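Next, two complexes with chain A in common: one pairs it with chain B, the other with chain C.
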Partner chain A sequence: MTVLDPPQSTARRWLGHVARHRVAATLGFLVLFPLIVPYEALAANILVLGLYALGFNLLFGYTGLLSFGHAAFLGSGAYGCGIALVHFGVGWFGAILIGTALATLVAAVIGFLAIRTRGIYFAMVTLALSMCVYYAFYQMEPLTGGENGLRGVNLQTIGVFGFQLSFLNPTVKYYVLLAFVGVAIWLFSRLLASPFGAVLEAVRENENRARACGYDVAATKLVAFVISGAFCGLAGALNALHLSIVPIETLHYTTSGQVVMMALLGGMGTFFGPFVGAATFLLLQDVLSVLTQHWQLYVGIVFILFVLFFPRGIWGSLLDRFGPR
Partner chain B sequence: MTAASDVILATEGVGKNFGGFQALRDVSVEFRRGKLTAIIGPNGAGKSTYFNVLSGAFPPSTGRILFEGRDLSRARPHSFARAGIAKSFQITNVFPELTAQENVRVAIQAVHRRFELFRHRRAFPELYDEADRLLASVGLGDRRLRRARELAHGEQRSLEVAMALACRPKLLLLDEPTAGMSPEETREMMGLIERLAAERTVILVEHKMKLVMGLCQRLIVLHHGELLAEGTPDDIRANDEVRRVYLGQGAH
Partner chain C sequence: MIQKAMPTSRRTILKTLGGAAAVAAAGPSLFNVARAQAAPIKIGFPVPLTGPFGTEANDQVKAAQIAVKQFNDAGGFEGRMAELLVRDDRLNPGEAATRTLELIEKDKVNFLVGSLSAAVQLSINNVAKERGVIFNSISQSDAINEAKDWSKYTFHEALNPHITAGAVGRYAFSKFGKKVAFLTADYAYGHEMVRGFKRAGEGMGIEVLADVRHPIGASDYSAFLPRIQALKPDVLVLCNFGRDQVVSIKQATEFGLKRTTKLVAPVLLFTARKAGGDSFEGVVGGSSYYWRLEDKVASAKAFNDAFRAANGGAVPSDYGALGYAGVRSVLAAVAAARSTDTDRVIEAMRALKYDWYKGPQYYRGCDHQSVQSVLILESKHKDMKNADDVFSIAAVEEPDEAKLRTCAEMGHKA
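Then we have the complex of A and B:
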C-alpha cells in the first residue's frame, strides 16, 4: 500500500514521537520535573498522586468504569505501609509491598461486589464500600490512630544496595519515589499494550460485542479493578513515606472525587493525561490556596470549564489538535 | 427422523416471558448442520426474542437449548461464543473507536489469548494476518486501518460479519443482516451470506420474506411467539396459514 504521509507540522511529529515512546517520554519528563516546579515536595506530591490518577485511569479511561471509591485503595496502601512500618517494624521496602498487597486485597473484595452493577450504580456501590473502609480504619484507633491519622511514619535513611540514602533530603526522596513510579509506569504501559489491554478497550467500547466475541466481561472488569487498585495502593504506600503521616482524609470520599477531577482535567484514556491532571490540580491548589481560602471554588470553576469546553482534558485536547493521526 | 449428528442446534419447548408478557411459547425446532435456515415472521412474531435466546443473550424461561447435544440453557452469554456460536446484531455493534483491523483482531484473540497480560499484542503477528485476511474476504481490505465509526453503514455491517467469523464458528447467527441497507448494499450482503453459507451452518432472522426465499434451504415461520410452520421454501410458499398471516398483515 502506498499512502503518502501528509506534510506534518513540527508539533505533530514531536507528539508522535512522545506517543510512540510513551514510557521513555514520561520518565524523561518526570526526571526533569523537579527543576520546573517551585519546590521538590510539590513535585513529589504530583508524582505520587499522578500514579494514583494513572491507576484510576486504567478503570475509568481504558475500561470505561467510573469508580467513586478509589480513595479506599490509596488509603489502604498508605495505612498498610504505615502500619507495617510503625507497629511491626517492617523495612521500608517490605512496607511498600505490604501496603500494595493490602490495597489489592481490598480492591478484590470491593471489585467482586461492585462489578455486578453498572453506570451510576457502580459509582454508588464503590462510593458506599469505600466509606465502609473509611469507617473501619477510623474505628481501629490503636492501629490506625483514628481521626488523628497514623503518625510517626518517619523514615530517616533508607538502605539501597548497601548505600544509606537520606530520605529527609527532598531531592533524594523524589528520585527514590520516582524509581517506584517509573517501574509502575513501565508495567502499566506493558499492560495496555498486551492482548489483555485490547480486551479492556473492547469492553469499554462495547460490552455486548465483547461478550458476543466470547470474552467474560465480568471477569475482565474484576481483573482490571484489582490491577487498578494495586497501582493506587502503591501510590498510597509511597504517599505515606512521602508525607510521614497517613491522614484519615486519605480514605475520605473527597479523595475519590479528586482523582476523578485529575483524570478528567488531564485527559481520560490518555497515557500521560493523569500526570498532567495531577500536576494541574496540585499547582492550582498550591498557587490559589496562598491567595484565597476559597481556592476550591476556583479549582471547581476551572474543572467545570474543562468539562464543558475541553471534555478530552488538557493532554487529550493537545493530542487531538496536534497528535499523530 | 434426522440423525442426531445432523442437528447442530435444537430448541426443546423454549418459552420466554418478560414480566407478564409471553414473547415465545413452546418453540421446538431442530436446525440442520450445513444448511442456511431463515427465521421469518411478521412484526412482533418473536423473531428477535428467539434469536436472542439462540445466541445466548437471554436465557429461556422454559425449555432447553442444545448445541451439538450440549445443554446451553443456563450457560452465560460468552460461553455461547466459546462453544462455537457467533452472531451479528441487528443494530450495528462494533468497537467504534478501534480500527477495523483491531476490531477483528480482538475478536480472533478471544479464542485463545484472553488473559495474556505481559506480552505485547504485536508479539502475535498471526492474529493481524488473520484479521487482514478476514477483512479482505468481506471486502474491507483497503479500509482496515480506518476507525470503525468512520466506516459507512454497510461497511460496518460487513465488519460485524468479519468479527463473527473471527472465532471460526460452527454456527453463524445473523439478525436482520440487511437492515437499513441500500438496495445495492443488500445485494452485496446477500452474496456474502451465500458464500458464507457454503462453508458453514447459518441461521438468519429476516423480516422481508422475499429476500430469503431464493437463498435459504429451510424456513422457520414464527407468529405471535409460536412456531407456525417449518420446511423448505416451497413448503412455506404453499402453506395456507403462512399466506394468511402475511397477507392478513399486508391487507392493512
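Then we have the complex of A and C:
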C-alpha cells in the first residue's frame, strides 16, 4: 500500500488515515476551524449545527430513515436548556443535561409513534408530530416566550474545574462548545463501530434480511431514533448557550428541512459529511448574503448542482474518488 | 544566484535592520494617533433585506444612509466619519443574533440600530446588552421596554403597540361609535394590539361585541365575517399585519361590511396600502409617519427632500423614516457627548430633545421609549396629488408621556 501504489495514491493514503482516525481527524480540523472562518460566531454556528446534522445522519445516513421532524429535538434541547437556566436557575452544566434529556424524551415519544411507518409516511408523521411540538412550545408563553422567543439565556462567566472563564469571549466560547461536541463525536464513532452500528447498516441495506438474521428491526430503529434525538438535543442546548436566545423558529419545520440539505450537501452516511455540509451551507449563506440580496438564488443553484452531479455529497464524492477501497 | 545578489555587506544589513526596527518602534504611537482620528464610527444595521418585509427594510437602509451622509458632510465628529454596516437578518432571530455577534466581535461596531420584527429586536437586544453595546430599535414591540428585557443600553425609536392602538382607539371610538368587534391574528402582535385598544376604550365605555381570533396567514375569512356582520358593530378593528390585513380588508369589503361598519387597523403601512389598492378605501389606522406631514412640519419637508434627492424622487415610507431617526439620534448623541464612549453617549441620548423628521421627540427616562406623536391616517382614493398620495392625515395625537404605560407598570423603579 505504501510503496507500490501509483502516485495518485497520496491523496488516497491521506484520506485512508483520516478514515481510520476519524475522531482525531475531525477534532483536529474543528480545533483549527475558527482560523479559517470569517468570524467566531459563525464557526460556533457551524460547530453546533454540524453536531445537529451528525445526529440526524445517524438516522438518515446510517439507518436509512428520512425524518422531517428533527427540529423538534434541536428545539426541545434548546428550550429545555434555556428554560432550566432562565426560570429555574440551574447551572450551565445541569441545563445542558436537562436540555439533552428533554430532547431524548421527546424523541422517545415521537419515535414510538413514528417507527411503525416507512418511507414517505415516516417523513410525514415525523413532520406532523414535530409541528405539534412547535405549537406546544408556542402556546406555553410564560415559560417559552411564545412568538417572541426565549430571551435571557445569559452566561457571563462559567466555572470549569475551579477556573472562571469568560463566556462572552468568542474564542473561549467556541472551545467550550467544542469540548462538548468532541465528546459527542467520540461517542458517535464508538457507537458506529459497535455491533449495534453494524445492525443499523444492516437495517438500512435490507430490512428483511436483518429481520431474518434475528435482529429486532423495530427496536433497533427506535433506539437509533432516540439516540439521534439525544445528539440533536445536545446541539440545541449548546445553540441556546451560544446565541443566548431560543427563537421559536428553532422548532419550525424549515429547520428540519435545513438539516436534510446539510446532510445531502456534505454526504449522507459519511462520518465527516455532516460537518462539511453544515460548513458549506452556512458559509455560502453568510458570504453571499453580504454580497447580494439574491443570495437564495445562488445557494439554490449550488444545491441543485450538487444533487445533480455529486449525489453522494461533497465528502462522499471525495471519499469515492480518493478514499480507501 | 544568491551569491551574485550578495554584494551587500553584513554590516549594511545590520544597519538597515536597525533602522527598520527604530522606525517600527517609533511607528506604532504615530500610527495610532493617525488611526484614532481616522477610525470611523461604525453603526451595525441588521434588517430583514430578504423575506416578506424586504421592501420596508430596503427603505430603512436608504433612509439610514441619509443620516450617515448628513453627519459626514457636516465634517463628522473630530474628523471621524460614520459608517453603516448593513446586515441581512432574514427576519430570523437566530440569524440576527449571529449577525449581531459578528458586528460586535469582528467588526467592533460602536452602536447598533435596526430590526423589523418583535422577536428579532428582542434577540439583538439580548446579545447587545450583555456586551454593553447601545442598541436603538426601529420596530414595534411592547416587551423590549419592560424591565425584564430592557437595559440601560436599550433605546426604542419606534412606536409600540400600546401607544399606536391607544391613539387609534381613542380617535375611532369617539368618532365612529362604541360598539366594537375585533378580528385578530392569533399571535403576540395581535394580542398586544387588542390589549392596547381595550385599554384605550375602558374609560370611554366601549362595548366589545366579539373578539374573533384567526390563524396567521389565513386566506379565507368567510367563517368569521358573517358572524361579525350579524352583530352590527360600529367599528371593526383588524389586529393583523401585512398580507393578512390586505386579504381580510378585501373580503370585508366584498361582504359589504363597510356599509354599516367602520374598518379600523392599528397600523396602516404605506407599502401595504400601495400594494393593496382600492379595497383600503375609507380604512382608518395609525402610523408613525406619512410623507404628507411635510405640509405642516418643517423637519419632515427637509427629510423628504433629502430622501427624494438621493432616491430619484421617491418618498420615504413609515418604517423607512425610522431608520433615519434611529441612526441620526445616535450620531447626534455622539456629537453632543463629544465622545463615542458608551456611557457618555447614553447620557447624551437620554438628554436629547430632538426633531429629526416628524416634530418634537425625546426618550423617556425610565425605559428609553421615544415619546412621539402618532398619526391617524385615512386611506383615500380622491384628490390624490400623485401616486404616492394614498392617505389623508385625519388627526395627530401629540407626544404625551401619559399615553404610555407607566414606568411602574413596566416593572421599572423610577
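The working rule: the second predicted complex is superposed on the first by the 316 of 325 C-alpha atoms of A that agree within 3 Å, B and C clash if a C-alpha of one lies under 4 Å from a C-alpha of the other, contacts with A are read in each partner's own complex, and residues count from 1 in each chain.
In this text, a contact is a pair of C-beta atoms (placed from the backbone, for glycine too) under 8 Å apart; a residue touches a chain by one contact, two chains touch by 3 or more.
Note that the structure is predicted; figures quoted are calculated from it, not measured.
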Superposition on chain A - do chain B and chain C clash or fit:
fit
In the overlaid three-chain picture, which partner chain does A:258 touch, first (chain B) or second (chain C), both, or neither?
neither
Considering only touches as defined above, state whether A:45 meets chain B (first), chain C (second), both or neither.
second
Quick check on the superposed pair: does A:130 touch chain B, chain C, both, or neither? Answer first, second, both or neither.
neither
Would you check which partner chain A:104 touches, where first means chain B only, second means chain C only, and both and neither mean what they say?
neither
In the superposed arrangement, which partner chain does A:195 touch: chain B (first), chain C (second), both, or neither?
first
Partner chain in contact with A:217 - chain B first, chain C second, else both or neither
first
Nearest Cα pair across chain B and chain C, whole Å
35
Contacts on chain A seen with chain B and repeated with chain C across the two complexes:
none
Taking the touch rule as given, give the residues of chain A at its contact with chain C in the complex, in rising order.
38-42, 45, 141, 146-149, 151-152, 154, 156, 168, 170, 239, 243-245, 247-250, 289-290, 293, 295-296
Which residues of chain C touch chain A once you look at their complex with the stated criterion?
49-50, 54, 87-88, 90, 92-94, 97-98, 101-102, 105-106, 118-119, 122-123, 125-127, 130-131, 141, 143, 148-149, 187-189
Residues of chain B touching chain A in the complex
55, 57, 76-78, 81-82, 86-87, 89, 93-98, 102, 105-107, 109-111, 113-122, 124, 142, 163-164, 166-167
The answer for chain A against chain B in the complex is residues 1, 190-191, 193-199, 201-202, 205-206, 208-217, 223
